[in-house]
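Right after this note come the structures.
Each of the next two complexes has subunit A plus one more chain, namely subunit B in the first and subunit C in the second.
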Partner chain A sequence: MIRASDLRAPWLWLSLAALVALLVFIVYPVANILTASVSGDQNGWSRLLADPRGLTAILNALILASVVTCTCVLIGVPLAYVTARYRFFGKSIIALLPLITLVIPEVISAQTWLMALGNNGLITRFLRDIGIQLPTFYGWFGLVTVMTFVYYTYVYIGTVAAISGFDSTLEEAAQSLGTSPARSRMKVMLPVILPSILASALLVFTMVVGNFAISMILANRLPLLSVVTYQAAVSEGGAAPVMQSTFATVSVVMVMLILFLNRWIVSRGRFEIAQGRGARPVPITGWRGAVIGLAASFIVIVSLVPLAVIAVGAFTVSRGPVMQWGNWTLANMERVFINAPQPLVNSLIYAGAATLIGICFSALVSYLIIKKRNAVTPWLDYISSIPLALSGTVLGIGLVVSFNSGWLPLTGTATIMVLALLVRRLPFGMRSAQATLHNIPNSIEEASISLGSPPLRTFFKVVLPMMGPAIASAAILTWTTSVSELSASILVYSGGRETLTIQVFRLIGSNLMAYASAYGLVLIAVIIIPIIVATKVFKIDVFASK
Partner chain B sequence: MKIHTTLAAAILALAAGTTAFAQEKTVTLYSSNPEQAIEAVANTLKEKAPDIRLNSITGGSGVLLRRLEAEASNVQGDLFWSSSFNTVGAFEGQFQAYESLELSAIPEKLRYPGNLYTPANVHVVVIMVNTDQLGDLPAPRTWTDLLDPKWKGKIVVADPANSSTGYTILWGLHKMIGDEELKKLAANVAVSSSSSAVQSGVAMGEYAVGLAFEANAYPYVDGGQEEIELVYPEDGTFITADFAGLVKGAPGGDAAKTAFDVLMSKETQTALLETSFRRPSRSDIEVSKIVKLPEMSAIKVFDIDEKEAADKRDEFLKTWQSYAAAGAN
Partner chain C sequence: MGIDIKNLYVNYGGMDVIADLSLTIPEGCFFTLLGPSGCGKTTLLRTIAGFVQAAKGNIYFQSQDVTRLPPHRRNIGMVFQDYALFPDKTVAENVAYGLRARGESGEAMMKKVRHELEHVGLGHVMDRHPAALSGGQRQRVALARAMVIKPQVLLMDEPLSNLDAKLRIQIRETISDLQREANITTVFVTHDQEEALSMSDRIGVMNKGKVEQLGTPKEIYATPRTAYVADFVGAANRINVTVAEANADGTARIMLGDAAILARNTLTGTSRDGILIMRPEDLRLKPRTSAEMQGLMGRVVKRQYLGGKTSYKLALPDETLINVDSHGDDHDGFEIGTDVIATIDPSKAMVIAS
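And now, the complex of A and B:
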């Protein structure tokens, strides 16, 4: 119901403006994908059914995502449990874990793994010498291995948060009632942390389905949904986007189903821990401590290897594609900063703009959704979460198809680059802003208004400062994930607008590992410096909101 | 007030900066060539036409050409560089004929009908060998050496459907050794999705042998990787010209034409030979004086009809698909 008084306040008009923006930049591109799949002489669905390669690609994506989700849970949950509950030698380096997934470009991870486990990899050769023949790394073996080590940290982060939030007095209560320690853990702790584990596992599932960089390098002849989608996108372009739209629709539907499942699990398994007293980590020594410490450090070190390779490669002399390991140079770095700094500048500008606009937009829209409900705001909520269901490739296709020509031609502009990053990462800002707003009592705002401050001023002077820390943490998350974005921007970029990630991808494609490492190292610095500044200088808990 | 004046000054400076930027002419190059080759072009362009700024979009040649086709209503690219006859032939509608000022230096038999495209360089097909990965196998000397089942899984070639390199090599072999022999080869090869993966695969030792263009394989020899060898098959190999074209309705206008002439100039072609080992299409550059590659006259070449290769493309790809599928089992 819209009352006359609503029309006088600014909120309804702001809601409508936000709705228009979301309709144009999210709904319209998605609608274009859906309609394009059924347009043309022969619609995409009948062509898909007639194409065994396409169907296999979809099936393979489902199998891969299921397997990787399982392996990630198998590594992430035990690792989270031991770090949350025990103290042991080497535990401090596990604190680095959440950073790793955020900072290492996936292309470089895949390349590094090839150096270790490819046909001629260090480990492959060693095993071959002692008579063990590994299967080829291209295909299932490589995809599962690399994706597991890239994505298990998401399960780890989710589970650590849940275990630390668990009230250990509950477990003590169970034990004092006569239940054995192991059994009380299973019966009391597991139900409480299970929703978090499942939610992060489903996140991994959706990320594997949408994964672009690792799949491109390692899938080789194995058809995979994300790869065939990208290939269809580049081969069809924006003119007659039938098959890419069909594949994109499949991926959207798949991820949507998973997200609904996720929401259902979260809503069902809600145990409120009123005032949790997290268990104090107990020291664990002797052989058990050594085993746990070694196993945990092994996982972390394996995840860190690509970082070491980049750091060394960035300062290694190369001639064309050949690396001269052991000879050092600053020439690669000189190239990044002096000879060809455009990708660095582009990354900073585009990600900076996307972060700034994204955070302002999410703060305002979240405020509308939670504090100023009207007929429009539920729609703002639904639409702004749509990007969660879009893989980067799908979003890129949507933008190219919608803004290639016509009433709003954006192809070839910087705007479409910013737009790609902005839309893709919008849910981060939205989720974080909404979570804090729930905790700000309405009475504070009402007090300000009753003391004579107009509504907009109250928003800026009272509400916004209270949202400050959450906004800062959302801004950092948006920044890091925007800087490392590849799959959407590689479809929409044009000459002179390549970002650091695109440049790394291109250089690896040209087999210029030394230059790629230099750009990669700078990329990591651009990501990690704001995180360090935020956590050390401003004491912001970056990962809490995730 | 002070803040306002500073702000105004900053805005003015920014505006001045953008106008200066606008006077610089921009040419967008769609290129399937490796970064170092593009850089060589950018460097000579900087010397010969310093007011032109070169942007590049890179990708597989097929991908870029289809992108040009898709962008026809809102043209983004000025120049395309480069791909073989059999690939560019299908995209004639996207290009405009242009007689480069440098055309006279290029032999007539290499040129494209009507100068819709201009040959930029000549590629020679070689067998790239990683001697560390040969095991007990002797290094191949001829194409037929590779048909032995012992080579199964040790040879890599680019997918002919996505790579003009792959297409040129496999079409040539099909003409030279015939269908039955090609079937045997298909059973032995691994197909990579791009041609750059062939060179890196052999260099990293993923495969013992790769079928590649000389210009793409030689950088590993030049870089000092001692186990890499290039074999020019004794039974004859294939050469193909790589063509560049001026996009129809190129937004760069005259600057695009200037950049095109610079691309064909003796300076650029010499630089390309030096830095990325591309044999020039011009007849006035002596290859072996500049790099350690054999002169063209020392290589045995099996002639192929580029027009036939282009016309029968779909048919051949189907045939190859069936061979590859049969070989995979």
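And now, the complex of A and C:
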């Protein structure tokens, strides 16, 4: 229902403007993908059914996602349990875990694992020298290993949050009723935290299905959905985008199904914990403490391997693909900063613009959705969460197909680069802004208005300052994830618009690991410096909104 | 500045939350809207403030029609249940907020802020943030923030319900003093009858979107016009009765078993069926003697000693239960199982239409 008073206030007009932007840059590209699979001379779906490689790719993606999800749960849940419930030697380094996942771009994880365990890797060569032959790292072995160590933290973070929110008096109640401590835990705690574990496991599943960087670098000749989608996009070039759209549609449908399943599990499993007196971690010593401490530290150290390898690689002499380990040089860094600084400059500009626009847009649109509901705002909510169901590759294809030519040609511009980052990371900012707005009671705004401050002034004077800390941490998250974005930007970029991640990816493809390490190290610095400044100088709790 | 509400309708999603409500609040009056949750009292307050749009009808501040005026132009002071202090601003900045919105600044403004805060006894916490204050202090800041702008009307939405019992009484006094000094027309929303009775000049008891009875605290308590009002304001025994004899002096004779009782008769026309209303504290207990036939015959079935008084539950001959509060010396003197008689002054009992 739209009333005359709604037309006078600015909110309805702002909602409509936001809706138009979302329709053009999210709905239109997605619609193009869905229709392009059947609109060409050939029907993409009949071609897909006749193509064994395409079908195998879909099947492989499902198998890989299932396996990695299982391994992530097997590592993440026990690790979360011991950190939430026990104190032991080395526990403080485990607190670094969330940081690590966010900081290290996937492309760098893949690269460094390859530098360690690839055909010419450090460890491979060492083991070969003492007579042990490792299986080739390309294919299943490498994919599962790298993805497990990249994604298990998502399970870990989700489970830690659930266990710390669990009211431990429930467990004591179960024990007082006569069940043993171990049984109490299984009977009382597990059902309560299970939905969180499942939700984070499904998140891992969707991320594996959509994963581009690790798949491209390590799949080699193994067909995988995200790889064949990208290859179809590259090979179809300017021709009718039939097969890429078909594969992209498969991916969208798959991820959507998982997201619906996820939502169903979360809605069914939401138990009210009346009072959250979390258990205090108890110290664990002796041989059990040592074992747990060692196992936990091992996982963390393995997660940190990429950082070490890349730091060494960046200063190592190389001749083409051959790394001369032990010989140091500054030539690689010189190339990043002096000879070919364009990727660094591009990354800073594109990610900066995407973060700025994305955060302003999220703050305003979230405000409309939560505080100024009207007929339009539910649609803003739905549409702005669509990118959650799009892998970067799918989004990239959508943008290319929609804005290559026609009424809004953007190909080759910086705009489309910013757009790719912006749309891909929009749900991040939206989610964090909405969470804070839910915590600002309406009475605060009404107090301001009752004191004579008009609605728009109230937004800027009262609401925005209260959202400040959350906006800052969302901005930093958006920045870090935008800088490390690869899968969408690699489809929309053109010569001269390479970002750091694209550059690293291309250098890995050419097997120039020393240069790749140098660009990668700078990339990590670009990500990590704002985090350090924010947490140390401005005291912002970067991970509060996560 | 008085408030005039004429034939007001408010609806949410097609349902009338307030229907055809008219109300006049005189200038300088402390007016309380009293009722249970969901009766429409907060909606009415928010409509006066302008946060809820009236579907039909008008609201006037003095002679100015403010029905379509947005809330920030109504010059109101509002105090909220959850204080609604701006958490990122200091106490002084909170109080200064409304003055700044009116274009004031500088030392003149800060003087007003300091004066208002000293007035509520908080001159010493000006530079603190709300998080560092106690609940009572926060509500005082909220009060100062609303009063410093010299509003035309002061609107308060259950301002005391988040405070503990002792503080509630303290802040109650602060509010009353400030209101009387400034002689500001005030609308106060509460579900607490004690608050309403102790603070108000006039009370409107609300039920289902309508004002069920309007009057001074004493009128509301002593002569409730409906069973609902009697029940909500204070406790009341309600017994369905048929009037045996309507006397010319305005009393009604009612037979309860063999015993008779006299009560004020508010029934009109030929109607004989009504509800007999008696407050527990107005009933007097006596040991039963065979001669006495005036009063309620009953047997003590429950007794609760409460220090200053004793609460009894009596079973009448037809097993109806009534409550009696006994004060005075030896108020706990009736054992369970004792046959007693409960009498009441005819002016304190009344029969109202059912």
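The rule we apply is simple: the second predicted complex is superposed on the first by the 518 of 546 C-alpha atoms of A that agree within 3 Å, B and C clash if a C-alpha of one lies under 4 Å from a C-alpha of the other, contacts with A are read in each partner's own complex, and residues count from 1 in each chain.
One rule holds for everything that comes next: a contact is a pair of C-beta atoms (placed from the backbone, for glycine too) under 8 Å apart; a residue touches a chain by one contact, two chains touch by 3 or more.
Only a predicted model underlies this, so the values are computations on that prediction, with no experimental measurement involved.
With subunit A superposed, do subunit B and subunit C clash or fit?
Result for subunit B and subunit C: fit.
Looking at A:P191, would you say it contacts subunit B, subunit C, both, or neither? Reply first, second, both or neither.
Touch status of A:P191: no partner.
Look at A:M115 in the shared chain and tell me whether it touches subunit B only, subunit C only, both, or neither; answer first, second, both or neither.
first
Just subunit B (first), just subunit C (second), both, or neither: which does A:S450 touch?
A:S450 contacts subunit C only, not subunit B.
Would you mind checking which one, subunit B or subunit C, touches more residues on subunit A?
B
Figure out whether A:P441 sits in contact with subunit B (first) or subunit C (second), or with both, or with neither.
second
Which partner does A:Q324 contact after superposing on A: first (subunit B), second (subunit C), both, neither?
In the superposition, A:Q324 contacts subunit B only.
For the overlay on chain A, what angle lies at subunit A between subunit B and subunit C, C-alpha centres, nearest 10°?
160
With the two complexes overlaid on chain A, what is the closest approach of subunit B to subunit C, counting only CA atoms, in Å?
Distance of closest C-alpha approach: 22 Å.
Enumerate the residues of subunit A that count as touching subunit B in its complex and touching subunit C in the other.
none
Once bound in the complex, which stretches of subunit A touch subunit C?
Checking each residue of subunit A against subunit C gives 3, 5, 441, 443-444, 446-455, 457-458, 461-462, 465-466, 468.
What does subunit B use to touch subunit A in their complex?
Contacts found on subunit B: 26, 28-30, 34-36, 53, 55-60, 62-63, 66-67, 69-74, 76-77, 133, 162, 190-194, 196, 199-201, 203-207, 219-220, 222-225.
With touch defined as at the start, can you tell me which subunit A residues reach subunit B in the complex?
Answer in residue numbers: 114-115, 118-120, 220-221, 231, 234-239, 318-322, 324, 404-405, 409, 411-412, 493-496, 506-507, 509-512, 515.
For subunit C, which residues are in contact with subunit A within the complex?
Spelled out, the residues of subunit C in touch with subunit A are 49, 51, 53, 68, 70-78, 80-82, 84-89, 97-98, 101-102, 142, 145-146, 149, 155.
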